[in-house]
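Dropping the structures in below, format is structure tokens.
Note that subunit A is present in both complexes that follow, paired respectively with subunit B and with subunit C.
Right, the complex of A and B next:
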């Protein structure tokens, strides 16, 4: 063996010292994590009851877990297997952190949720930590089919999906309108973008006040035409209307549309900003060429500009579809699903049945969540497939 | 250096030892009301307990009432205090059934004050023939009305259904909406339903309904809804009630546009805050519907329970006995403007609503807890949505009732 070859092979050898130390540390950590229970440590430290008993144990556990992970990392990077195939392993090591969290917070809960959907469970464990639910098979799904609230939620979800799509063309036209060089255009742009910046909860509140039939903006305007001030029996002023202002959020036939309108406001701003950035990348050469060929107005938009905005359109559609399916905050702030459940959508109804107001139908709520998941999966797989196709053609 | 360190450790050790002997035992109490008056009354009771039991080291936690409804699940399982607040009636059912509350029947039996002075509320605190908690406060429901409007229309407090309908007719003729209500958060409608059902069918039928033994399509329950239909027709409620909370609904009441409000006594403070005086508002018991039926009332109670995982059970029992004493019950409820469940406790005779409330509840044939506490939460949610739907459109009655039967079959399995 030449000296070079020897150096090369030793380069790939397992470094015994760091591996030994790492293994020792790892063992200590594992013993600690396995043997010492939460309350034990808390009592030992005398913290129990004085501050939340979970905090010190949690921190200690996290500390030992991190040390264990670091030790495992050191052991692994010093083994010969890793050294020989560094290029193959390295990306996975970087990915692993994200993957572990994705597994814990997304993948496992999805399967847990699906399994709960086959049970009747009120969310409680008994005194011994035993699960109190019972297995009912597909019973929850059978009940779902007969539940008028579920049907309403499903119809409302379709309405949301269809009407929310309006955000894409409206956003496009606002973007086209704002895509010009006038003094102070940045200011106007920021005004249009503003609704996207404020919280959904605030948007919901503002709209529910505007809709309020007693003191809202719309009822004030209505009052100019149909109402007058009169003195009531105890001498106070009161509003008497020849035709009452519509109670927009109080009537089943208007309420969902009213909430969607409120939801559209920030969504249009979002689509607009996507298109504005897209318009920055539209090539002036092609517009010039189109102009020379005599294209203008709609033709120019349809045949020259829109094709170049395809990536922006794709993203706008994706965020709008997902935004409409997970519409929750607006409903929670504006109607809580009411009146009598007529503005529920799947996401809100699931929350309402499982955790809201202690209703505690966890199994039933999980069944609703599963249905929503399946619907979302259809859209998401189409989107992913499209993205995959695009990437493949680009290569 | 080492010596001083050693000395410090030794001193610390003895101090710790002394501390543990001086405070031989602990007591952790979890409360769920951050409203200033409620919080102060609770703290006053705890201070009195500390004074009476200097050897017990009391720790209190207090949190938001709504948040407590979900955090209690975790608290009972993982980090149980020794005493915790919760609602009696069926609302305690899931926790009792899962074995998360401790049976305190022995305390009820051995404590003379508890066994002697809590007769009216005892059934509410019982499940499976055992007692699970000790109530510290409750309050009456009924009809709050604008006395000045009644006087202007020369109306007196209606005692029967017909008198009520007649009074409503007069109010409507004078341009006054008889009832105000805000059903955005649903439960207010349940108050009206409870009273209509208690007056039409009585306590036992109402109890059987909320216990899932009677269907919603039962003719007796239909009779209740028929009365409600009559009420909607002849005693209308304010328009737009579906977009109002119970506080919002006070506005037309305070402005004199509406004259009556089916509510709990906790609302009195809000009437006064919106400018009404004692002379302008008054209270009457919900009128009789079926003649001769024993009068049952709505009286939601708040209570303390001992979690099964409590560490200091003896101290917890001491605390429950203590807060049940007439003195503490009287002081506590005077401070928060409610009624003491202990019949030997003093009430605030300067408050006419409290006096009327005591008269109403002490003579009642039965006490209901309120629909959303008597019925399981899942049933209550669907039921109250149904009530709201019916109020907005009485023609939906049949679909509402058949749907409630379906939910009932599902929930009470």
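Right, the complex of A and C next:
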């Protein structure tokens, strides 16, 4: 063999040294992983109970798992199998950790939940670690159909979905309003975006206060129209109103609308920023061409601008649909589903049934979650389909 | 530019626009301003219904100090940080490698697996809740911070992968191609060539995920039970029960919870917005 050919073939040979070291490290890690126990770590750290050592035990396990993984990768990348077909094996190595992690925590639980929905279970295991539930088939779904709270939740979800969609046109409107170049406009744009950055819990609290009939913002504004300050017998100032301010969150009629209005605030901000970015990218040539053709105002918006904003509109609709179906934080902070279950949505009702006040109804809760998932799946499919179309045209 | 810049319209419109802008902003942020005013008032103003007027006393320092003194605000904040920071690191790091695999290699599974990440990212939380609780229980990490971090990191990996993959797809592929021809190992290409190029994406994602996790309420409620481990969002919620009708304290606490994401947003506005548009409208 010539020297050149030797070098070429040795390029694909398994390198023994790193493989040997890698194997040794891997074995040590496996031994440790098998021997680490909660009690052992608790003893080592001097904790009285095994339960106190949960976190260090877990972290230790994760550490050895990571080292083992790294060792496995080193072994594999030094074998001839890998060296010959790098481009075929490399993507799987890059993907493996993230994909497994995602499958375990996100994809597999979806199917587990669906299977829970066919059982009656309270989430517990007996002392031998055996599952305590029983299979009931479609029983949970039959009960759902007769549950008035479920119907209310479903109707409220539709309401949320429909009214939340207002965020898209309003966001567009504000974006058009702010798409100017006057001094300080950047500052205005970021302040308009502000509500989205704040936690929904805080938005919920702000609006609970705003809707408060005694001390809130709304009671104050109400007072300008219907109340006057009077001095009572003792000499203190009191408010006397011709019509008392309504307790918006306390009345079943208004409560859901009030929460949706609060939820719209950050959502409009989100849609606005999407449209502002979109407007930035509208081609000036086309606007100029439109102007030459005599298009102005609404006509221009409808025929020239909106078609170019299509990607922004699409994302805005997607995030709004998801936002409306995920509404949980606001309801939890503002009404907790009340009064009398009138503000429940599927997301909150599921939580309430599964881990809320009543003793965990895992099966029933899972059935509610499954219904919510199926609704969401319709939208996810449309989204994926659109993405698929885009990917195909790109290639 | 659409609509026509006001500078090009009549002077009346031009001046009118500049005048109306602050008024609109005022109305838009009215709830926030009002809650800020409430947070610096003494109790007496709230009871007499002084919502918009000048506070009879400026109690800003007093009210905020009370929040810190009477509650575990500091510990809630610290808890949020020890949940948020590891999550950001893990999910962004994982997304770099998964995004790289899905964007650079043209294998048959690239698109289907990418769609798995995208779809998983949009599922309702409730369908994951019970199995995740059950699994955390079995791994003995339920009601611990690492347990919550593991879930957050896994879930956010979906969104981060979506973002990273789209970003890397837009890189000039010839660069990677030529490196391969030179015989550079795939890992070296990733580390020395691609990673430096995606720094802006890493920044955008970090800011965004930081805000998402900081503002998370649902998973913290579900996965944590000890008061000593709760993050600020859940803490503030429970203050609502503690300080019944003491709106000056509730509003002060709420605003405190909102400060870090707001700072983050102002520090990295460009990145933040780039992240939110999912790379759909480039720019």
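Everything that follows uses one rule, which is that the second predicted complex is superposed on the first by the 359 of 395 C-alpha atoms of A that agree within 3 Å, B and C clash if a C-alpha of one lies under 4 Å from a C-alpha of the other, contacts with A are read in each partner's own complex, and residues count from 1 in each chain.
To be clear about the criterion, contacts are C-beta pairs under 8 Å (C-beta built on N, C-alpha and C of every residue); 3 or more make two chains touch, one makes a residue touch a chain.
Quick caveat, the model's predicted, so the values are computed rather than measured.
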{"item": "Touched partner set for A:355, first subunit B, second subunit C, both or neither", "value": "both"}
{"item": "Touched partner set for A:123, first subunit B, second subunit C, both or neither", "value": "both"}
{"item": "First (subunit B), second (subunit C), both or neither touched by A:148", "value": "first"}
{"item": "Touching partner for A:234 - first (subunit B), second (subunit C), both, neither", "value": "first"}
{"item": "Which superposed partner A:249 touches (first subunit B, second subunit C, both, neither)", "value": "first"}
{"item": "Which of subunit B and subunit C A:298 touches, first, second, both or neither", "value": "neither"}
{"item": "Partner, of subunit C and subunit B, that touches more residues belonging to subunit A", "value": "C"}
{"item": "Touching both subunit B and subunit C, residues of subunit A", "value": "54, 123, 208, 212, 214, 355"}
{"item": "Contact set on subunit A toward subunit B in their complex", "value": "46, 49-50, 52-54, 120, 122-127, 129, 132, 143, 146-149, 208, 211-214, 232-236, 238, 244, 247, 249-252, 335-336, 338-341, 352-353, 355-361"}
{"item": "In the complex with subunit A, residue positions of subunit C that touch it", "value": "1-3, 5-7, 17-18, 21, 24-25, 28-32, 34-35, 38, 46-49, 51-52, 94-95, 97-98, 100-102, 104-105, 107, 110-111, 113, 115-120, 122-135, 139-141, 144-147, 150-151, 153-155, 157-158, 161, 180, 185-187, 190, 211, 214-215, 217-218, 221-222, 233-234, 236-237, 240, 245, 247, 250-251, 254-255, 257-258, 261-262, 264-266, 269, 273, 276-278, 280-283"}
{"item": "Of all residues in subunit B, those that touch subunit A in their complex", "value": "16, 26, 28, 59, 69-70, 73, 77-79, 94-95, 98-100, 146, 148-149, 152-153, 174-176, 183-186, 239-244, 248, 251, 255-257, 308-309, 377-378, 381-382, 385-386, 388-389, 392, 399, 403, 406, 410-411, 413"}
{"item": "Subunit A residues touching subunit C - in the complex, by the definition given at the top", "value": "38, 54-55, 57-59, 62, 77, 86-88, 90-92, 94-95, 97-99, 101-102, 104-110, 112-114, 116, 123, 176-177, 179-182, 188, 190-195, 197-202, 205-210, 212, 214-217, 219-220, 223, 237, 239, 265, 270, 273-274, 277-282, 284, 287, 300-301, 304-305, 311-312, 314-315, 322, 325-326, 328-329, 332-333, 346-347, 350-351, 354-355, 362, 365-366, 368-370, 372-373, 376, 379-380, 383-384, 387-388, 391"}
